[in-house]
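Consider the two complexes below, in which chain A is the common component and chain B and chain C are the respective partners.
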Partner chain A sequence: MKSITFIKRNRNNLVCYGSLALVIVLFAIITKGQIFSAYNLKSLAGQMVVLMIISIGMIFMFAHGTVDIASGAVAGLCTMIITLVLNATGNVPVSVLAAIVTAVALYLFMWFVTAYLGLMSIIASLAVMFIARGLVTYILSLNDGRINIIHYDMIQPLKSNVAYALIAMAVVAVIGILLFNYTRLGKYCKAIGDNPISAEQSGARLKLVKFWCYVIAGCCVGLASLFLLARSGNVGKNIGSGTEMDVMVAVILGGMNLNGGTKSRIGAAIAGVITNTLLSNGLTIAGVNQTYITLVKGIIFIVIIGMTLRQNKSVAEMPR
Partner chain B sequence: MKKKVISVILTAAMTGMMFAGCGSGTENTGNSGEGTASEAVGGTESTQTADNGASSGETYKIGIVMYQWTDAQGTNIQNFCNYLEENMNVEFEYESTFYDDDAQVSCVENLISAGCKAIISGYDTNIVAAMSTCADAGVYYAVALDHITEDDFAGADPGEYFLGGTKQFGGDLAELGKEYADAVADAGIQNVGGISFPEWAFTDAPEIYASFQSELSAQGITVQDLTFTPGMTSDEVQQAAKDLVNQNPDMDALFGMASGLDYVYPAIQGSDVKLIAMGYDTSVASLMDSGALLAAGNNNHTQAVASCVARIINALEGNSYPDAASGTYNEGSIVNGVAGYPVISNKEDLDNYMNYVIPEDGAKGCVTVDELKNCIISYNPDATLADLNELTNRSLSEIVEARQ
Partner chain C sequence: MDNKKNEVFFETKKLTKKFGEVVAVNQVDMVIRTGEIRGLIGENGSGKSTISSMISAIHTVTDGEMLLYGTPYKPKDPGDARAHGITMIVQEMGTIDGLTIAENIFVGDEKRFAHHGIINRDEMNREAEKVLKNIGVTDVDVRKPASSYSLETRKLVEVAKSLYYDPILFIVDETTTALSQNGRKIIYRIIHELRDKGKAVLFISHDLEELINNCDVLTVLRDGKMVDTIEKADFDENRIKHSMVGREIKGDYYRSDFDGTHGEKVMLHAEHISNEVLHDVSITLHEGEILGLAGLSGCGMHQLGRALFGLDKVKEGRITAAGEAGSEVSISSVQDALNCRIGYISKDRDKEALVLPASIKENLLLPNLRKMGALISPRREKEYAQKQIDFLAIKCSSMNQAVGELSGGNKQKVSFGKWIGNNSKIIIMDSPTRGVDIGVKTTMYQLIARMKKEGYSILIISEEMPELIGMCDKILVMKDGKVTNAFNRDETLSEQQIIEYMI
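Right after this comes the complex of A and B.
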């Protein structure tokens, strides 16, 4: 009886991590263990790092009910900022700082538009997406469509040495978990996602909580852009494109409800990103025909979503 | 509380799993490239190793990354690869990404994990990062749909695992412009315009158009200056094409160098302006029948892939062409192959293109296994890069002659 209660209480966690375990076992069998080769595990870590860092930041946005579709474009613009500053100064920390400041500024612009002008968050993020993408395209058009990194050797280790990716993911994940689960900010963030009026009446200062959520998201996007640039090797017009959708797919695969609320978990980003990356990687290694890969991914996506996001009517939720 | 404990334990397990991959930088899936390191791409050595795939029967797994696999280009390449798999000691693994540099590296990594010993990429973008990924794993890398210069590596050394690119348009831009001009002159057109993607995106466009313009002007035909679109999207191309047509009411044909059939044609559909297209798809036959299309053309993807496969097999077997350093299409120290660009200007050309350039049965196509083997050193010790370039740069008429 106790175990049934335990399963009921932890259904989302169990299904989320169970799905991940299932994907791991499935591909381990299909690929005859090839996914566990040292090379592939290193590749997986490299493929996850950008998505993982951004997804953890996005959890703070999704948790309080904000939908952000600008992360890819902002990350793309930040890679350009890093490249330009790095080419001019040869200083990696300064260039990363410039990228983070840029990302935070754009995210705070979204916050301002949402909080003070009353526009929907998705409209604000759409505007920022166009601004960021437009800037990248314009600056690239002045540079023959591509900007190379003069000092690529300074950031290439971030791609070739997987330890940097692992450390970055671990540090961001730990900070994310601490902020989200053990601070007032995280708790208010989830409360706002469930019911902003109740949250405000309980002492949450809506604008201030959201302000810090946007700052965290901006920091994550700015940092992730460094790894994105290290992997891309230069800045082209499509850099970062599609990342926002990958983030959404990943966190949904991890069991995150994009409406936010108390069920939001940082674990959704971690498990979701691993599952999403494993899907692409495992299907290729398994030799699945490219024509069918999208279809297979879609079916697996639906199955996992069906298990994780199905509404549990027995769980009472706060009125919205 | 239990929920938190579960989360922490499972997160720790995942992190542990990821750290398991943190091994030495030289490990890979077994594609260490043993016996191949002596290959100097730009060198003049031609040494034959004992472990020769042609004689040992070892199957070489080659990965290919393209934009997509469901379009005419993807289908054509897969048909040719299937033909090679059935008749040579090669096996192909496919990946796709649409101009996404980060995803391109992921595709390369996945193919290496899948056991590929060499990778053919359709892209020249992100070459430094993709190349370093391959070099770290001891995997060869060749570019099929663009030629590569030393500038593409921004001063870095491409290294021994880079096998070069592939010069498109038959390596002769002026000749291509002339072929298109001939198609227009034959159709009795008097006033032609041209539209291309931005110059930074299609650097060969001005040279092709200059030849086209010069050829037609000499015949008394009015040719407008080339118009560049402001961007790469379908909307931007269509708007620029409409503006060009509106500003030149006497224009009776438009040379669509910006994805002519997909992007330019919708802008002039229904008007009296004829299309001359760079590009090919299944609509060519009906558009030519209706008179809306004067000419189309396409890179010969079979020739491009064949050129890469020959260079890859040579490298995997430790061989190098004796004339590799002096190849016609080389760029400095970079060795490039070449692929033709058939221009289709009438029904006969179209039939020949479909029968001999993009046939479902590779044995009837523009490069047969026997012809390709003749350009691989382990099958023919006298093979040269010049032989390979000649094979993969045959014109449509030369291909037809070879097959009949």
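Right after this comes the complex of A and C.
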């Protein structure tokens, strides 16, 4: 009896670390340990850095009840900003700053539209997605469909030296964990996701809390775009596209409930991204065709959604 | 069969309910007879709601059985229970926000208005109006969504809905605390009518006076077990209390002093405020004063509380509070109110006061986060939560349990605990003891009295006359959005005197 309640209480944790452990063991066997070779571990870190940074930022959005689908497009636009600024100035920090400012500006636009004009957040993010994609396509069309980085050597180390990726992930994760679990912002954020009325009566300023969530999300997307650019080497039409879906798959694999609220955990982003990347990487090493990988991920996605939905129902043995 | 009285028609045999390892109801044998009003009492979390929810098929039965007219009764869902003649008014919200009042009344039973698969709305609305009129409610637009009505009106809608199905067993779980005096009259009238028609009523309440006045038999629960059955002849307040708690309740219930004096400093002041509900209301709350607001439904006292906390806007007039440095700060938003250290306990605990999926700890801490510093230490959080849980005797399996899993009274304790010791100096309490058992009510009253001595200013908005008379330095009576009279603390003050000015 005790163990059943334990499972019920910790279902999110079980999904999170259970799937991570499962993936690790499974691929250790399937790939005969290859997946954990030093070389592959390095390439894993490189593969997950973009998704990791964005997902950590997105947890703040999901937790307070916003589903954002613009992250991929905004990241794409940011890679272009970095390229243009870097080509003009030759200064990496300045160009990254420009990217972060751009991303934050776009996210704050979304915030403004939802907070003050009362539009649904998903519609606002859809609009921003089109704006960002449109800008990328338009600027590319002015440049024959492709922009090359003149100073690629300046950011190339971000790809070749995995230490940068590891440090970036660690720093973002630590800041994310602190903000989400140990500050007012994170706690208000979760309360708003469940019951904005009560949160407001208890002192949370809804607009202000959301403002900071959007700022955090913007910063993460801006920073991640640097790694995205370093890995791709140039700005193409589809750069960053689909990232928003990968984020959702990853955080759900990590046991996150996309409705947000008190059960949201920052660990869902961290563990989820690792699981997600191991999954793709492991299947690739095991020789599975790329198209099937998407299929496998889709199936896992549905299974996990099914499990979390059932959980919501069982809790609802309520209105007494 | 219906008109026979005093015949056993419903029985439970070793009825048991477990939630995980928590045994909420433990082997209860209870019989209910036709033509009786059966009171069900017990401390918060003793299993009253759980038993009634099993009878009306909201909860599944873990063990044991129920018999209806001697045959096993195993309802599949609330609709099935209704078909057997058993309906229930739940303790928490039983209406659905998005639906209109009419849709709420006929939810699950829309088929009766269907003609060739299309629901005739006019017919449904007309029928809904009739159903409401039957219980004496006429000022409700059945086309409006339920969310646009107050807790009280929604409760009355539920009552009307339950009666529509002509129940033989009508269960009323803690409904009276959500109602004002006139709403209560309606319920009392209804249950007596049902009894006289040979139907049975299962009536749950923490108000001993109400129980003694209305019930024929009382069943006492303690920790999920049935511990006593008391016949009308043996009704006695002390006897009931004793069997409920298992020990003597010592000390004063309300404040024992009749000293209505308080500090001179004005802490909260409303000058001639008006909005849709309020008309030219002025009130002043001083340091160390307990001020009470009394009135019937629609009198505007709950809205006044909301306005004072900055939740409802005022069109005319001004609300000011004493700021930090002796300055006067005008209140026009919740943030203003919180900055002036005003706290607010909402009456609607499920929708406004609590974050139901969040834990007890998280809920208790929410209004406290402002003063916990930049980085919040988990140890301090735990200490604070444990202090409140112990003080208010919140019955829970751990401080990490979701508030939504608690019994009604225990939820109320969390809602109360949120604002106690959170450094608010002015606390607006809307029905602070709603659904709380006598033992903990005593604790709350003693705490409020102590807070007065320590210089806190408290505004109690309540439908409970004895509570206001017992606690307040001054009681303001409201009617139709205006303050119509004021009574100072006085030993001789009676309920009747106040009620005269309410109607």
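General observations
In this section, the second predicted complex is superposed on the first by the 286 of 320 C-alpha atoms of A that agree within 3 Å, B and C clash if a C-alpha of one lies under 4 Å from a C-alpha of the other, contacts with A are read in each partner's own complex, and residues count from 1 in each chain.
We adopt the following convention: a residue touches a chain if its C-beta (ideal position, glycine included) is under 8 Å from a C-beta of that chain, and two chains touch if they have at least 3 such contacts.
All of these numbers come straight from a predicted model, not from anything done at the bench.
Contacts of A:Arg205 after superposition: chain C is touched, whereas chain B is not reached. When the shared chain is aligned, no partner comes close enough to touch A:Thr89: not chain B, not chain C. Look at A:Asn195: by the touch rule set out above, it reaches chain C but stays clear of chain B. Of the two partner chains placed by the overlay, only chain B lies in contact with A:Gln47; chain C stays clear of it.
The larger set of touched chain A residues comes from B, when the choice is between chain B and chain C. The interface of chain A with chain B does not overlap its interface with chain C at any residue.
Looking at the complex, you find that chain A touches chain C at residues 1-2, 4-5, 8, 178, 182-184, 187-188, 190-191, 194-195, 197-205, 261-263, 315, 317-320. Those residues of chain B whose C-beta lies close enough to touch chain A in the complex are 2-4, 6-7, 10-11, 14-15, 17-23, 25, 27-29, 69-70, 93-96, 98-103, 105-107, 109-115, 125-130, 132-133, 136-137, 154, 156, 198, 200-201, 231-232. The part of chain C that touches chain A in the complex is made up of residues 18, 20-21, 49-50, 53, 58-59, 90-94, 173, 309, 311, 334-335, 338, 344, 346, 351-359, 362, 365-367, 369-370, 372, 374-378, 402, 404-405, 407-408, 418.
Those residues of chain A lying in contact with chain B across their complex are 6, 9-10, 13-14, 17, 20, 34-48, 50, 137, 140-141, 143-146, 148-150, 152, 156, 159-163, 166, 169-170, 173, 177, 181, 228, 230-234, 236-242, 265, 267, 270-271, 274, 280-281, 284-285, 287, 289-291.
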